[in-house]
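Reviewing the structure listed below.
Just so it is clear, A, B, C and D label the chains in written order, and each chain counts residues from 1 on its own.
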Amino acid sequence: MNSGIVTNLWLIPAIPLAASLAILSLANSRRKSAAALAVIGQVAALTLSIVAFLPTLETPGFRASQNFTWFTFGEQPLRIGWVLDPLAAAMLLMIALVGLCIFVFSVGYMADDKNFTRFFAYLSFFSGAMLGVVIANSLLLLFVFWELVGLASYLLIGFWIERPSAAAAAKKAFITTRIGDMGFFLGILWLYGHSGTLLFYDHGSGCLESAGLAMLGTSATFIALLIFCGAVGKSGQFPLHVWLPDAMEGPTPVSALIHAATMVAAGVFLVARVYPLFSLGAINGVTPSLTVVVWIGVTTALMAALIAIAQADIKRILAYSTVSQLGLMMVSLGVGGVAAGIMHLLAHGFFKALLFLGAGSVIHGCHHEQDIRKMGSLRRLMPATFLTYAVGMMALSGVPLFFSGGWTKEEILHATAHWPKSQVPYYLILAGVILTALYMTRQIIYVFFGKPRAASEHAHESPRVMTMPLIALAFCAIFFTVVLTPAWPWLHAYLTGDPALHFDSGRLIQPVFFVSLVLVTAGIGLGVLMYRRAGLQNQHRPAKTDPLEYAQPTLFHFLENKMWLDELYDRTVVAFAVVSSRVSDWMDRYFWDGLVRAFGGLGQLLGIFTTDLDERGISAGVDETTIGTRRIGRVVSGWHSGQIQTYLGAVAIGMLALLLLYAWLA
Amino acid sequence: MNSVAFIVIAIFTLAAGLAAATLQKLMHAALSFAVTFVGIAAFFFLLGAEFVGLVQVFVYIGAVAVLIVFTILLTRRDVEKDRMFNWSGVVIAIAVFGGLIWAILKTQSLSVAAPEIPALTVKRIGEVLMTNYVWPLQCVGLLLTAALVGALILVMEEKQ
Amino acid sequence: MSPTLQLFLIVSAALFCIGLLAALSRRHAIFILIGIEMMLAGANLNFIAFWRFSSEPHQPTGVMIAIFSIAIAAAEAAVGLALVISVYRHYRTTNVDQLDQLKG
Amino acid sequence: MSASLDQIFVSGKQWLLSWLASAPEWVIQIASSFINIFALLGVFLTLFALMSVLERKILGRIQNRYGPNRVGPFGLFQPIADGIKMLIKEDIVPARADKIVHFLAPVLIAATAILALGIIPYGRDMTPFTIDGGILFFFAVGSTTELAVFMAGWGSNNKFSMLGAMRAIAQMISYELPLIITVLPVVMVVGSLMPNTIVAAQGGYALGFVPRWFVFTPWGATAFILFFVSGLVESNRTPFDVPEGESEIVAGHMTEYSGFKYATFFMAEYIGMFAITGLATTLFLGGWHAPIRMLEFIPSYVWFFAKLSTLLLVYVWLRGTLPRTRVDQIMNFAWKFMLPMAFTCIVAAAVWHYAGRGPAGWLWSLAVIAAVYFTLSILLDTRRKFAPRTYRFAE
């Protein structure tokens, strides 16, 4: 009894993908058609997403899937399908909406680029693939779209292919995530081996339903961890986070869409999607796999927040902030707050896209300067950008009450505080919250306050097509709050399928609210204290010394260089690869080559014998034949007059001769 | 079948054919060629293969004859009249004709009268063409496409 | 009295030989094409006549072959005439006697 | 009463044939054919005469002047006067002309034009010659016209004649493709090449009042318009009259003809026009079927000729309205627009058939046609082609 939208859910990813193909087939000069096609495709996807959202609103805990056989190998039918439940519907809506804002923004941001049409083709392609990830009801289908998303990310990071750094970043992103995907794929194989199905929900026999889970037993832990590898890679979790900051080489709308709002969220989404695997056999809500998730998340969150403090590139700060927030979401999932994690994911999608687009607007306004130390005083020159950016900053820092980020962060804190296994993550996350507020304050002060410096003297406000999406996203970031508060936890109820939902103002203020308030105030206050002078000094020149660098140069350099992790990987993983390839090279050159040479020598010896035989015995006979043939040829070539009618006559005579021969024989 | 019609058509066709083969002016020969094919189409009508007759007129008069006259027009600077005549060809042609006639007359089983047959409708031809002969049909389609492209490329002006 | 198969065959043999005559004895390339077309038409007449006089007239094999042969003849005429034109462009002649560069 | 009025011509012919009831079979057949031929010639030569004077009068009205109004009532006897003038003119044959070809061209062109009329059903049971492949016959005969035009051009041994003939043949060959291909959807849907069957298939009413004429389906309407335009080109009418544009090449392939031969060409052109509009009526406008059930008492042939006259009126109207197109525009239009659209009609008809021939099929085929139409209009981008004109002068 699937409703029409479930049967036709495939249209949502198919429309942007088709739009992408259509754009690719356009000529390079047809910019307007390309942009129009992409935006129309996205609007269509958004409309369908809203249509898909409606049935999940009506029935709490709605879940419907549509499965069919893709192909059969041997006797095993491989089935794929799509599923519609609150998780998918909410993600669809968020991705389509944020995507639309970013598409519109890109029309302005990329206006001068010569590969404008290609850009929109890639964007549409990405959007389609990401929507596909969300609706997939089969681990295999999810993996396919997952890889398509990876491909789109690769293409877009390396969009300015003529820059060597962009090409290198694209390669790095692709290879690093591939390491995680290897684990993911192994997990898929293992799961298939045990349960015989890759469908999530299949009327009771899917791998996430009780019957399928029962077949897994203890191996569920390992499968979950392998799948988590994929999530680690895609969501930039420690130790595979190194690609995400480098991915900022792509155009800023790409960073906003892929590396902040949607694609990196795919890892979190994946964990949430296969959560039953992680929580199988949980005692008091704790399983080994979930514990791993928590610790990885905590490490990532804290480490990235620390690094962000010492960065100077406006996009890199946001990139590390993204890594940190993703870590936070992982923690939330790990401690059992699935709904909280997803809520934070959705809220984060809006305000991080907002921040990135704001950064894009700043970069656009400052003539492609990305160093925050060269900016300043932009609040007067770019008021719309400043206001929306400030909203995004507040939401990210977790300022309570009016900003969506505050409430979701509170939920996560609440969930983490009640983790039975250890209290350490809770305190580490509290530190992370302070750090977040700190580095965001630092960034805002550098960019928007103080005196104008080198890059910001001739800054200008961005065109309407770029500010409108910013304003739209800012509204989302604020009004999203309405469905998040504990007083009326509509989104929480929606995600968990809890029908009992009523308004209770008494729940609005909880102990953790004050903790959060204190922490954020502390972070922002500390930031203002530390950096209030930074913005004022060195007019017309880049701010030279960071206050933290001044106070703790060693620590600052440690953080500025990303805790030397890239270098560590260079010395260990890359070095190992280089050494092993040298060894293989040596083997190839000397050992295998020697064998080949030995055989070759044998062949040469044989050749010497046969040559002798050939020259003496066979050649003489062949020579005679050749001479004879040449003589005959000379005679026959005389008949070959080149006159077509002679040939035709010969054919006719031949035909007559055949006729006579036949008559004579018959 | 009417023997009067047969005789009239045969004389008409063969006379036009001979004219096409022997007339001096190329254009006259080409037009006689068209007339010959009208005659052959008439034979097809007489034999009850109306569809083939119509196709014959359509293809030969409408397309091939026009092509030929166009070619004559385009190569006009050359000889408009072709006086040279190769008598050895005549001898060979007559010899082949003699051989064929001898073979036809010698075969006794050929002097049969036509049986009564049901009319061959276009529908029937269409059915057969789309079932038993569908692959030859596709091949002919491919061949015609190839010929079209090939002819175009051959005649295209080479760019300086 | 109605004509027998033999008469049709004689007519088609005559057509064939007239075509052969045109193809063999005329010097202009277009005559060769005309001759070939006539030979093909003679063969077609044969096919149709054999179908008409066969004992299984519900199988229109002869008609089918005639239709295909008309299609092929059309293709041949198109390519042949294109060749004549391009030869004329290169050598300024359509006299086949002068086109003998492929002699042995 | 109305039934007997409907069949009045059929019964008249049978009455005539009953005089020969005792004659052998073949005599009756030949007599029947002759009656058909004379009836056809009588009707269409009268129509030609009427048409020629009416065209001049309508054109006159369009150009705000009186047409011919001196000979007979309202100038209706003008064609007789014209005929007499043509007949007594001197018949000039150029000295260097190819005399045989020059003579045969008008004969051939008139013969083929009249032959094509033979297969059209003019009313219920009123098809002069019922041939299994009637539509194919029409086109086979029609394609012979090109040869006749060429003969006229070549035989005159005149540059204007030859150029005119080349132009005529080029555009006729180009538009013959869309002309034939637009007929294919009708043939596909009906499943027959016989005009009678095609007309019969268009009888009856959908929803009780819309006649089942093919012009009322999306593919039929598109095919009809394409067919009509191709028909305009095939009969060398404005706006596609470059082969005989007076201001450019005198009278095209007819330049060297005078007197009765010229009249023959003129007549052949009009008869060709009648044939092509008659076929359009048969294929798309329901032939002799009445448009409304209530009007079915009016005899079928009246309906046929009413539709024919309407189409002819449109021909005249177009001639009075549109300017002449350039040769390259005509060719581009044929190959880049008409041909793809014609193929689309086939697809649309197939879609219509497989979607059940109902409203759903109607909408689907409309969607197919609209999609191709808009794609073509984007791809062709005519605005760019109509950039300010540049002139090149002889160097």
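Observations, loosely collected:
In this text, contacts are C-beta pairs under 8 Å (C-beta built on N, C-alpha and C of every residue); 3 or more make two chains touch, one makes a residue touch a chain.
From a predicted model like this one, the values you see are computed outputs, not experimental measurements.
Common neighbours of chain A and chain D under the contact rule above are B. Spacing of chain B relative to chain D, judged by their CA centroids, is 29 angstrom. Centre to centre, using the average C-alpha position, chain B and chain C are separated by 6 Å.
In whole angstrom, the spacing between the mean C-alpha positions of chain A and chain B is 68.
Each of the following residues of chain A touches two or more other chains: 645, 649, 652. Annotation for chain C: residues touching 2 or more other chains are 20, 23-25, 97. Residue positions of chain D touching 2 or more other chains: there are none.
Chain pairs that touch, as defined above: A-B, A-C, B-C, B-D. Those residues of chain A that touch chain B in the shared complex are 645, 649, 652-653, 655-656, 659-660, 663.
Partner chain B is touched in their complex by these residues of chain C: 1-11, 13-28, 30-31, 33-35, 37-38, 41, 44-45, 48-49, 51-53, 55, 57-58, 60, 63-64, 66-68, 70-79, 81-86, 88, 92-95, 97. By the touch criterion stated above, chain D contacts chain B in their complex at residues 98, 100-101, 104, 131-133, 136-137, 139-144, 146-147, 150-151, 154, 162, 166, 169, 173, 176, 191-193. Those residues of chain B whose C-beta lies close enough to touch chain C in the complex are 1-3, 6, 10, 13-14, 17-18, 20-22, 26, 29-30, 33, 36-37, 40, 43-44, 47-49, 51-52, 55-56, 59-60, 63-64, 67-68, 70-72, 74-75, 77-79, 82, 84-90, 92-94, 96-97, 100-101, 104-105, 110-115, 117-118, 120, 124-125, 128-129, 133, 136, 140, 143-144, 146-148, 150-152, 154-155. Taken together, the chain C residues at the contact with chain A in this complex read 20, 23-25, 32, 96-97, 99-104.
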